[in-house]
Structure formats: structure tokens, C-alpha cells
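Below: a set of structures, written as C-alpha cells.
In the two complexes that follow, chain A is the common piece, with chain B as its partner first and chain C second.
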Partner chain A sequence: MSVTTHGGNPQLNRHGELNHLITIEGLPRDVLTRILDTAAPFTEVAEREVKKLPLLRGKSVFNLFFENSTRTRTTFEIAAKRLSADVINLNISTSSANKGETLLDTVDNLAAMQADMFVVRHASSGAPYLIAQHLAATGRDHIHVVNAGDGRHAHPTQGLLDMYTIRHFKKDFTRLTVAVVGDILHSRVARSQIHALKTLGVPEVRVIAPKTLLPAAVDRLGVRVFNDMQEGLRGVDVVMMLRLQNERMQGALLPSTQEFFKSWGLTPEKLALAKPDAIVMHPGPMNRGVEIDSAVADGRQAVILPQVTFGIAVRMAVMAMLGGN
Partner chain B sequence: MPIPQLPDAEALCGALADAMRPHVDASATALVGIHTGGVWIAERLHAALGLKIALGSIDVSFHRDDYNQRGLHANARSSQIPFDVDGAHIVIVDDVLYTGRTIRAAMNEIFDYGRPGRVDLAVLSDRGGRELPVAPTWCPHALSLPVAQMLALERSDDGRLSFRLMEK
Partner chain C sequence: MKIHIKNGRLIDPASATDRALDLFIGAGRVVGIGTPPAGFEANSVLDASGCVVCPGLIDLSARLREPGFEYKATLESEMAAAVAGGVTRLVCPPDTDPPLDEPGLVEMLTHRARHPGFAHVHPMGALTIGLAGERLTEMAELAEAGCISFGQANRTIVDTQVLMRAMQYAATFDFPVWLQPQDPFLGKRGVAHDGEVAARLGLPGIPVVAETIAIAALVNLARATGARLHLRRLSSAEGLAMVVAARESGLPISCDVTINNLHLSEHDIAWFDPHTRLDPPLRAAADREALRAGLASGAVDVLCSDHTPVDDDGKQMPFEEAEVGATGLELLLPMTLKWAAEMKLPLATALARITADPARVLGIDSGCLKLGAAADICVFDPAAEYVVSRENLKSQGKNTPFLGKAFPGRVRYTLIDGRLAWDGTGTLS
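Let's turn to the complex of A and B:
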């Protein structure tokens, strides 16, 4: 499902302000930059004695997780709580027969409980968009929707926190070579990263993956495709590793995880081909010894834990911007 | 309507420092300027009064009371409080005192860092129109402006401060 092709961008209100965050695709550069700029002062809140701001005081944020995720749910929860929102966590099984109806029924019920914001994680691409559309069609678009990962489609806050991390360490997007490595096919994170990198003006975005883990028309995203990791990593400024999505694997796309590590795992030897000051990122959770060697994950070039910290500030910025629009 | 005579901002900075001097302790008083004009003035006062504690700056975007009407301020910045707030004597510095809402927000911001011993307020000019019970401790100039007008502090490229009257 495409959410950006018709008319205006359904994520923006009539004043061009962000009303929902569903995908990075189609958002203008100034909106992305404003989110990153807004996140910066929120990073400093964690240093205060009182790690709480009153912006979402009296607002109710519902974390609707139709698919499990500890880290994403936790960081959204912390972010909302630091903004003084009341947070309600719902882990909803996807086993019901008619998912579409169940999803919107759930939304209607929670909207009737005076929800102000839905943070949605769903196994089906397009679920957050469906919710936003439903809210608009029923005159309730004062309720904001944040996509916390939908199917293979998008994971915009992950993409944004990755951009925040890159900007923090590398300052200027317009002189970088960035490689996204691993299971591109199943990765909503990779899609959000690629759209964000292109929008922010990164001149060379590379994707490095075996042919079986690349989507069909990947080159249409404006990236250079490498099927050889050594070649692809040469001279890059940023290495963005992806998790091997074992649970999404259908059929035999790969011989074995050991085999995958041999060809596609990031080892110190392969990392040495990148620029000496290259940073290594990973959205977590990591499969050590599958897509990344422990020596790299714990090494001096890894910025994986700062990503987590920045993720809270970026999610605070997104929720504070939506909540005030 | 006659255009009111605008005060000389440079002269007021000197007058403000003179008014504060008998009441500050160079090694114990801390200044916190409110972005942006308040920070410029706080820099001047910090030098003129020879204060030892590093200058603080605050942005009140996170505590503004118009968030629900106007959303998050577009240029929110980090506050920098480089000293221990607990027990400190803090002087909040701003350019123009108007409704008092900014000062309320600034105090909320400061209290997120700790419990100060005493908080004072230093401003260059009081333009009237208070909506909260806020009064300056030191203020060398006052005038009364209609709601439609705004008194703004500007800084030129060579660092000189001046006031400008703007129609809202």
C-alpha cells in the first residue's frame, strides 16, 4: 500500500504540519530536518534531575503492538512518559480471523476511551495508514498515529534515529557514502533508512546483500547494489547493519547462518575496508556471529548504544511535534 | 498615536549592572539568560559584575503554556545549566518583561534541575501588560505599550544592542 501517492501527503495537516508519522517516504527534507533539530534539546533532558517535560500532560498514548517488540515499545513508552503522557500498553494477538475488522474495532474502542495518540506496530504493511485513514474518515483526525513498524513497509522512527546518529557523528549528510548491509528484502528498517538518506542528500547510498535478500526493484530507490561485501564496504563512512530476520524467512533463501556470517557478517577484517573513522550501526536486536562479529559490535567504531539513547529523544520529538499540531 | 521614545539598550545594560552590583556575590551568584535576548544581556552582566560561576542559558519551549494552542516552538534549543542548582542564588535575565508567562516557564525549567536557594529577575525593560503575578527584582526602564506592539531587542553584527518597536 502506498501512502504518499495520492493528492497531498496524508501525514501532513492542511498547514503542512506533521499530523501522523507513517512513513519517511514522501516527507520533504525540511520536515525531516526539523524533527532532527527538535530531537537535539530532548537528548539533554536525560541529564536533568527531573527527566520529565509537561508537553503531553493529560494526554493518553496507546502503544498498540500487534507484533512483539521489547525495545521499540519500551523506548516509545519512556519517550511518552518523559513527556508526561499517560501510557497504555496493549499487546494484541494477531490470531483473530478477520484482521481488518478487528483492527478498526480495536481502534474505535480505544478512541472512545479518549485516546490522543496511537503508536502502532503491526505485521501487515499499511496497518497504521489504515488506522489514520479510518480516523480521518470518521472525523477523529485529532488523534495522531505513529508507525512503530508495519510489515515490510516502514519503521520511520528507527530511520529518523539512525539519521540523528549519523548527523551526530558525521555532521554533514551531503559528503557521505553510506552502506546498508544484510537482509534488505524483509527489512522495513532498510526502506526507511534509504528514503531518509536520499531525502537528506546523501550522495551515495549502497545496499550490500545476497541476491536472494534483495527486493526486486531495489535499484529504483536510487541506490548502488553490491553483491560482494568487500567491494561494497570499500571507502564508506557509515555501515548500517541489518538484523537477519530469521522469523521472516520463508523457504531456503540461505544455506545456513554460519554460511551467512562467512559471506555477509561484519568482521574487523571487512570493516577495515571502510574509512578508518567509519561508524557501525545496528537497529538491534543483534545476532552476534550471524550478521555482526562481537569484536565489531563491542568495538570502538560501533555506535549501537548511542542509537538507543538517541532513539528516545527522537521519539520524544516526534510525539511532541504531533501532539501540538 | 505618538511613537514612544525607545530607550538606549546599551545604557540600560550598564544601569542594570549598577543596580545589581550591591546585591550579588561574585563567587555565589549565577546568571541564567533566556534565549535569545536574555542571553545577550546575561553575557554583558556576567562580564560587568565579574561573576565566577559559568553563565547558564535556557530555552522555555518545553514549558510554554501555549503548546496546546500553538504546538511545539519551531526552534527549541537546549538549556545549558552548567552549575549545581540546589541551593544556588540564580538571577533570571531577560530583555523585556511582558505577560510574565515566559518567566513562569523559565522558573519551571530551572526547577527541573534542582531547588534553588533564591531566584531573582533582571530585565532591561518592563512594557506592562502582566497576566501573571511576576515582578522584576531589577529593571532600569519601564514603558506602557499597547497589545498590538512588541518591543524587541536586536544585536548588530558588531555586537551592539538596540531596541526596536514592532507591530504584531
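Let's turn to the complex of A and C:
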């Protein structure tokens, strides 16, 4: 079987509709806006006594997690269940991959179990593309793929829930200055945030990090690059912090968590350089005292818990749009 | 067997010949150019109307996958690919399993390859045992067994003392050392050029400095040891500039580029196309332009296919995990012609990079069509299209970023030692 390559955007079907959600890059603004608009009424479902809608009734959603993540898997599971889907969780890092089964063999087996949607988390950038292309090449592109994070590449539902949060608190994207702070190099969240912010018309997106945590040619993503956090935070409306993985400390990327916190940790003093009504976001789980001070994490400008709540609504919206009855 | 190749356009870059001339072959050699020798009676006449008649192509890097990787390709399948591509002579890198580090292995390979209708095969011997970069191989013995040069394939020698001694020892016998310049640390775990596309797609990067730092080291070691150095598979504009500067300072150093780096850039990775998972990585468009101009001017000596058959299982993986390499023997000619047309180069100049120039780097009397030369010949139709498809590719490896595309340049006949080995439809060995 040949490996097919796509000139166009493989997330869209031949009618230009969203068939998979793999990356935010290349999606038109109206598609992003439609997802955010669809999510809005879903936030109210959680307030009801019966927190269920029938949109995915009778559908099977497979959470295919080749890399462990309790938090993301749980939010997808809650979202799918609130849409009445049957949810099957597979932690493949601990099952078939260890028995030598290839990624596509696993996908073929699960597809044969009449899956309607795969929610995929994988350590390699591009793995969800491979799955989507394989499904298309074998005539099964009625099965939808949602990327729940692949390597350093993309985490589109996180990017979308962040946009939902910004829109909720700031209304208009076109007047904002937004800073993304921390380990940009290894962060799929940062890449999805940057593409989403640019697509939705944010005029100034900044990245703030030491040079060891920035990709080469990062400026080609259309962002302003700052190494100095004080300078980068001046006058911003939104501060998006990134999680610093502990394993980054083991190489030669950074000398210590203490020094990282001193230069790039978000403290009340540094936050004071942003606009007085600036909001602070974090995709979780947080490392208090590494990238963020507890006084900020628990402070009045933090919108970290609303992010989690909106995340379920946004994931419901994505799943309903892709596979809804 | 006497063969008359008639009505062709004879291009022999070595003698700067490019005109309508018939070619006469007898006893495996060129016996007449333009006019037959007295009393010549052909047993067979090949009509080359509309075709170019040129020396058989010489490919300085083609993996045959034997021994050890027969599930990816076999000597038979890749020899069929060679003649179908007009390639009559090739160098195979030592990264087999086990690697070509023992005279017995090399003898076995050259013995198996010595078959009428097969291209001439020159093994590149391993410079260190197991390519591990620790202990030297028996280079003199390996050379006797048939190794034409010594190298490390994709592996680097980390310990610079070992590297220097390997080059000194090779220089003792004046054996050429062929190395790919790549620092083992700076490219560690990298899978793509450390540029815009890697930044966007979140792929671990291999920076240009991984190449330039290695070139600096190798150039200095070549100067210190007197080793004859050939740099394999350059990928960057900066790297090429360093090679040119070293040559201008008097160091006799040669280099090659691959068909992939000549035509593609990082942007061709598109949506993680695993066929573009290559070593060296596809670099920025500006790098590609520099390599194209350098190959035209002769700053880059040779164009090679870097033929690397990979089975489908090795490619149907996420980009980062996919096996490295692309099939290329059958693409060497079309990719040369495409580049020549785009650069508006005379055909003779372009063909020199895959005939006379690789022969010069190899230090052998080949790649030309003078009287008395071995009749290794490629006859191709420069206007007919070659469609790169799984069906058309004779190589067992169907992995190439050019799959599904069509290019001008179709091989009509391939002759090896005066024997017809390919007639445009099938191998005749």
C-alpha cells in the first residue's frame, strides 16, 4: 500500500468541511469561529441537572493514547460522554505497542471494531496525519481523527479552548497583544496557540523564552521574539504560560529551575508590567515555583480554572461538529 | 558480438563531443566512432533515432542492501534497477548487516555482482570495524578484495583521534576516504533541517552548523594527514562555500550532492511526508539553489542518487520514526535532465556530473566513449517521459518523494561491456 501525500489540507473533505481536527494551521478563520460559537451553548450543559445531549448517541469514540495523559484523556472522555457517545479508553503505551504492533495495525484493528472517532495522543509529531491518511487511503475516512497532542507539533483543542477563554474575557481578538512564555521549542501547545491567535487576527503575538527553548526560525511563525521577560510582558493583554517539563532540566537546556524561575517565572512583580486587566493562562498541570508563582496562579488575574471548564465545551463542540448525528 | 548504434546524438563529456555520430562496438569495446573499422559487420543494429548516446552513468552512492537487508532489496532487484536507469557502474556504501568491514564479505559481494548484464559494483569499505568508529579495518586487505574507497556511510566517527588515525592510515596507501560531514552531537535526534518547517511542524532539527563544523574538522584533518578526501552528500550553501575555499587553498578535495537535495527543500516535507525523511535533511530553498549552481559550475563534482531502498513498513510510520532514505537509481538520469533544463545547461555539461566526473573522483579510466574504451553505454530518449510509479520502478524500494510524477528522460538501451543489458522494457541478464 502506498503512502499518500496531500497537496491540500488533509483535515478538510472535498466539500471543504472539517473531517478531522489535526492542527489549527491552515484552517480558515470562520472554521475556528464556528467551533467557538458551537462551544458556547455547551458550557451551559454542565450547569444542568442532566448533563447530556444526544448528539453522539450510538457513536463509538476511541481514546487512543500512545502517551500517558490522565488530564487530557479525562476531558475528552467527559466531553464525549456528555454527547452520549460510547467511550473506549486505550492506553497503548502499555499494551500493543510493547508487543511490536505497528501504529497502523493498531488503527486497522480498532477501525474493524466500528469506531466512529479516534482521539489520538502520540509522542511523534505527525502521527495523527499518518492515521488520517491511512484511513483515507483505505476508504474509511468516515472515521474522524481528533489530535489530542502529537510530539511537539500540535494540540489543537488546547489552542481552541485557549481562544475560547480569551474571547470570553477580552471579546475582540483584533486589538490584543498576547505573550506566550516558556518552553516554546518543545511545546505543541505553543504552536497551536500561535496559529490560532494569528488566524483570529491578533495583531501582536510575542514569544518569551531563553534562546535554548526557542526553535530556529521561530520568527517565521509570525511572532515577535523576546528573551527578556520584563521587556516582553510590557503592555500585554494576555499572558499564556507554558509548562516546563522536568526532563528539560536534565540536558544542557537550562541550568536550574531556580534560575529559570528567576528569569522567566511569572511573579506578581513581572505581571505588573502587563496591562492592569491582563489575564493569565496556563494549560496545566502547573509547576508552581518553576514557571509560575502561586500568588499569580491563585490571583485575581488567573483564568486557569475557567480554561478547564471551557475545555470540555470546546471538545464537545469539535466532536459534535465532526461526528454529530 | 558486434553492435552498431545508429542515428543517435553522441554525447561524450570527456571529449567534449556532442553531435550525430554512429557508434560501433566489438568485443566489449568501442571500436568505431562515426565510421566503422574496416570489415565491421554488425550482429545487431540498435536504432537510436531521437536519442542521446552517452557513457553509462556512474552512481557514487547506491545501497544494494546485501548482505543483511534482503527484505528491503536484493542484488538482483537493484541490479535490474541500475540498468533500467542507465547506470553501468556504482559504489555501494558499507552500511550493510554486517557492515563491509571484512575482506570475505566484500569478496562475496563482488563475486555475486560479477555477472554478465550487471552493472560494475565497487564496494566502499568500512573505515572502522562495525562502523563503530573505534578500531580501524584491514584497509589493505579490503582494497585487495575490491573496495575502491573507505567510509562510514551515515555513521560518524565521534572520537577525533580515531578519525585522524583512520585518515592517516588510509593516506599511507593513498586510499580515498569518503565521509559525510555531520557532527554527531549537533544533529542528535534531529529529523529535519532546523529551519522554518521544523519550527512549524515541531520536528527536532538538524542545524546547518552540524554540517559546517564537520567540514571544518575534516578539511583540517585532510590537510594534516594528506588523506584524499571526498565529502559525500553536501546539503548546505555554507558547507559548499567551505569546500570551495578549501579547494582554493590548494587542498585536493571533491564532493557530491544527492538528487533529493538538488531538487527538494524543507517545504517538500508538506504534511509530514515520510518519503522526505532523508539524510542529509532537505534544507532551505537557498541551500538548494546554491547546490544547483555549484553543481553547474563544477564546484560540486558529482551528482549521485544516494539510492536507499526502504520497505513500506519502514516508511508507513510517523515522520520522526520513519526509516531514512529514498530509492534513486532509476531517477538519476531524469533528475539530471530536469536540473539541466531548469538551469539551461548544455546536456554535455550536465551528463559530465554523472559520467566523466564520478570516474575522475573514482580515479578510474571510465565514463567516456573514446576508441578502445569499455562499451558501457546509455542510450536515452530525452523527450520521452518516465513515470515514477510503483509498477515502473524495478527497484524493490518504491520509496521516493517523486512517486507519481513524470519526468523527461527514458532509457532505451543500456550496454555493459558491449552487451545489451536493458532494452527499454526488460533486463536481459
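Please note the rule applied: the second predicted complex is superposed on the first by the 305 of 325 C-alpha atoms of A that agree within 3 Å, B and C clash if a C-alpha of one lies under 4 Å from a C-alpha of the other, contacts with A are read in each partner's own complex, and residues count from 1 in each chain.
As a convention for this text, a residue touches a chain if its C-beta (ideal position, glycine included) is under 8 Å from a C-beta of that chain, and two chains touch if they have at least 3 such contacts.
The structure displayed is predicted, hence computed values, not measured ones.
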Chain B and chain C placed together on chain A: clash or fit? fit
In the superposed arrangement, does A:Glu17 touch chain B (first), chain C (second), both or neither?
-> first
Discussion item. Just to be sure I read the superposition right, which of the two partners does A:Gly126 touch: chain B = first, chain C = second, or both, or neither?
Written reply: second
Chosen between chain B and chain C, the partner touching more chain A residues is C
| said: Looking at A:Val50, would you say it contacts chain B, chain C, both, or neither? Reply first, second, both or neither. | reply: first
Here the angle between the directions from the C-alpha centre of chain A to those of chain B and chain C, rounded in steps of 10 degrees, is 130
For chain B relative to chain C post-fit, closest CA-CA distance rounded to the angstrom comes to 27
Contacts from chain B onto chain A in the complex sit at residues 59, 61-63, 67-68, 70-72, 74-79, 85, 108, 111-114
Seen from chain A, its contact residues with chain B in the complex are 17, 34, 37-38, 40-41, 43-45, 48-50, 52-55, 320-321, 323-325
Counting only contacts in the complex, chain A reaches chain C at residues 1-3, 5-7, 10, 25, 102-104, 122, 124-127, 129-130, 133-134, 150-154, 188, 191, 215-218, 220-221
Given the complex, residues on chain C that touch chain A span 194-196, 198-205, 207, 270-275, 312-313, 315-321, 390, 398-399, 401, 403
